[in-house]
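Here come two complexes built around subunit A, the first alongside subunit B, the second alongside subunit C.
== the complex of A and B ==
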């Protein structure tokens, strides 16, 4: 097994999904919102980046326009589009709570997925946008995969820092107060609905940016990449890591991606062995989830660290 | 508390940075290490083994080389087999991977290539492009694959950028997508014709079967829409009434809504361009809804499992299936059939041809990498002494001949998009199995 390659893939993919998990952590653990449609904001970022950087359609392409702008414009647009999409979807959905909010956000994501599948003029339908621009190809002696890993890690760190600052501020404490007792918080002058909406909007921006990095890394923006499975994976990462802590959320994402990549990195030299591996991969993943949920190692690490302080 | 958090943050940042740096430091082992055995192997082979040059002094003096003993010293050359072993196309992925494995076995038994024995690394894509890209990257970066064989349409399209960037040849035996008509040609090849040919063959069958009306049920995928569009044009030109052209999304528990208008029109036949999961449900629901006409399916349903899944009694004598196929009268195919029991399965000859072409290209270029294969693959399959196996080709090349690999799936001449022209078979469901009823050679569609 090629460990350096494995590490670099885990650092890249883990950081990208880590950003989404952190956003979900902010929404759920601190804002009290169950978002089962987080994949939609991720997809908005990826598609926006692809559309902004893709050249104009030619030949058999079915999308109506590609702006062919530089990559940084695509990244900025991805963050902005995710924010705008959050504003659009947050307005009607955030009036709801608990499982109703979960169902509505899930429905929004499914509608958006269906839109991407069927509206070929925007994202080229089921084919999607392939060979999306990778901007870090010619960075001198450093191979682009390392640049990608560094960019994804930087995005994760920036998100972590921003969220940490936010939550450590009086604003964060007000959020905690709203989550713990909304009536009491409102009676002491905290605008609960507004603050919840703000958290929803703020957390969508890094998710959109992560979508852009994901599109660059995979060079793809296809509907099949943005199914409900992504939402569930992020939720699983959050649960694995312990949803009350930003570090736990991050560790959960890395742990999940690491396990997936270890299974994939194993070279199978015969068809039979690859077939068996494909069949048992999900069983092993399931068993691992059960074990982690039973023993909660990441949560324990967190508690031990807290106890020490 | 805040200080502890800051400490945590620093530790996390340091860990991430370490991971990146560690990986960057490992770069030399990673990148070169992967290629080295292959590159090192070639000179060794030429230095110590007279094998590549016995042609200069034929048979009389030079004892027949015993290549079977040498490859161990020449190292190995790795080829990635990237197929769907699970999911809707799992049946096809297995057929393709098995045929490649058979081809590799033949090549290695014949003494391997100038770059050494071929080693395969097999991975399942599950039909998912993102998995495909990650597995392909892994094959190239970690395993040193110089060619990746077997991706399906969506994954081929997704891999185009990677193939050109990493200078690795990707080749598919069944990716008919018309998107590759524009993207293919350089590092991107396929030993099957494009979906336009499938559409033309389906259209020809529907037009000549004597139907008065036909309905189209088309899964919302590029690989099914593009042949259906071509078939529609053919059917329209033949003056046949198209009652419906329904594009449906797969993965639904029921397709009653889509079938309502189709069944109301009661067409003579339904052209179903769909996957196995959606196809099975659709066929059952259509028959339950009173449809008594004939069917034409696309290649996805050309597997024997369909009879168990649907129920053979529902489709016996009424269903036909169209797919790109080898010409069974070709001596190359007959020979392949004699050697390999699975030769009759869809795309098996095309898969065998892929790996043989790659091996012959390594032999012809003497360069053990993707760029070497890419530089000669067209020459190897066009013009020169006709050969149909790896050992024949290798011997001809050793004699200094230009070779023309005539594949088990047909003559493999790549057009500018890296696509070959193909022949098509129509099979009919009879007594729970698919039976050939019509064959359209490639010449049928040449204008």
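== the complex of A and C ==
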């Protein structure tokens, strides 16, 4: 197994999924919102980047829009589009709570996925948009794959710093109060609905940017990359890493991606053994997920640390 | 004193004008009767709100603080119509309240539970990303510590709220409102489960707040506590205003005695 290649892939994909997990951490662990449709915001970022940077359609292309703008304009557009999509979907859904919000966001994501599959003029249908621009290339002696890993890691670091700053401020404290008891928080002058909407919107921006980097890395924006499975992977990563901590959320994302990539890269001698390994991977992840939910090790550690201080 | 006249003896200037509010739950009238409840609270008054269980006291607090919308009627606070204002808007206008069942923020410490009651500049999204809020934060924390001292929780500030007793949680609820310096403070059964020594301290605190100009409305089943410190009493029964007046008059009112203890005792 090519360990350096594996680690660089884990660093890149782990950072991208780490950004999405951090956004989920902000929305759920601090904002109290269950978003089961986060893949849609990720997809919006990827498709927007592809549409803004790809050339005009020609030959057998079925898509109608290709703006051929520079990569940085595509990245900006990806963040803005994710924000706009969050505003559009947040307006009707954020009046809901708990499982109702979870189901509605899930439904929104499924509708969007179906739209991408069937609307060829936007995303070229099931084929998707291929040959997405990879803007970086080799930087002198530094190979492109390292540049990508660095860009993804920088996005993760910027998201982490921004969210940490937000959550360590009185804004984060008010957000905790709203999550703990909305009626009491409102009676203390906290505009719960407004703050929840703000969190939903700002957390969508890095998810859109992560979608753009993902599209660059894979050179694809295809419906099969943005299924509900992505949402569940990110949720599992959040739970595995400990939902209360931003570092735990990141760790969960890296751990899960590492695990998946190892299974994918393992040099199995037969197809059968590779299939069994893939199944075992899912079973193991599921068992781990159940164990974390059952025993809540991260909550216990956090309580112990708090008691010590 | 008629129903619509300001309650309290400090001033006839009404801070809160409630006109015809009513509330039904599942078709059953919880507050207001046929014509709705009309009552004024004078600026700087210290009003006790009493009545048997189910009289509509907590419902009235929920309607005044915006936790529940009224089915009918208007609420004017400090000259402004707040009938359609949300709970947090009413808090910003200067209405503070505590709850019959203490409500706390379990992920925050005792001190943070008080500090979060204040409106910090860092609660604005734009300011949260900056550093200017840090200047105000130290002052807020000092103020919260002073208030915790006033309610007897000074040595508990670093603890999680889950470590507090029921009575201490009530005092914490009062403290969280005090840091807002509300113009009108609605306290829902503040002495329930509170240690007698702490009750004396609470009584002193309320009298002090009243002297400082704060308008207080206190729902309380502990009549001994309330009648000793309130200046004006409103008696609710079955969602209607049964009687109102100074504590001395209310004590001997046969209708009030009947409502609390039954017809035999009123005779």
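What we mean here is this: the second predicted complex is superposed on the first by the 267 of 309 C-alpha atoms of A that agree within 3 Å, B and C clash if a C-alpha of one lies under 4 Å from a C-alpha of the other, contacts with A are read in each partner's own complex, and residues count from 1 in each chain.
Basically, a residue touches a chain if its C-beta (ideal position, glycine included) is under 8 Å from a C-beta of that chain, and two chains touch if they have at least 3 such contacts.
Please read all numbers here as calculations on a predicted model, not as lab measurements.
J.: In the superposed model, which partner reaches more residues of subunit A, subunit B or subunit C?
T.: Looking at subunit A, the partner in contact with more of its residues is B.
J.: On the A-aligned overlay, A:186 touches which partner chain: subunit B = first, subunit C = second, or both, or neither?
T.: It touches subunit C, and subunit B stays clear.
J.: For A:271, select first, second, both or neither according to whether it touches subunit B, subunit C, the two together, or no partner.
T.: In the superposed model, A:271 contacts subunit B only, not subunit C.
J.: Would you sort A:177 into first (subunit B), second (subunit C), both or neither based on which partner it touches?
T.: In the superposed model, A:177 contacts subunit C only, not subunit B.
J.: Quick check on the superposed pair: does A:84 touch subunit B, subunit C, both, or neither? Answer first, second, both or neither.
T.: Once the two structures are laid over each other on A, A:84 reaches no partner at all.
J.: Quick one: classify A:198 as touching subunit B (first), subunit C (second), both or neither.
T.: In the superposed model, A:198 contacts subunit C only, not subunit B.
J.: Contact-wise, after the overlay, does A:166 reach subunit B, subunit C, both or neither (first, second, both, neither)?
T.: second
J.: Check the residue A:103 against both partner chains and state whether it touches subunit B (first), subunit C (second), both, or neither.
T.: neither
J.: Spell out the part of subunit B that touches subunit A in their complex, as residue ranges.
T.: Residues of subunit B touching subunit A: 1-2, 4-5, 8-9, 12-13, 16-17, 19-20, 22-27, 29-31, 81, 85-86, 94, 97-98, 101, 119-124, 126, 128-130, 133-135, 137-138, 141-143, 154, 157-158, 160-162, 165, 177-179, 181-183, 220-222, 249.
J.: If we count contacts the way the header does, which residues on subunit A are in touch with subunit B in the complex?
T.: Touch list, subunit A to subunit B: 1-11, 13, 15, 58-60, 114, 117-118, 125-127, 130-131, 134, 137, 142-143, 145-146, 149-150, 153, 156-157, 160-161, 164, 168, 218-220, 222, 224-225, 247, 250, 264-265, 267-271, 273-275, 277-279, 305, 309.
J.: Would you pull the subunit A residues touching subunit C in the complex into a rising list?
T.: Where subunit A meets subunit C, its residues are 162, 165-166, 169-174, 176-177, 179-181, 183-192, 198, 202, 306.
J.: Can you check the complex and tell me which residues of subunit C touch subunit A?
T.: 65-67, 86-88, 91-92, 96-97, 99, 103-108, 112, 115-117, 119-125, 127-129, 133, 137, 160, 176-177, 180
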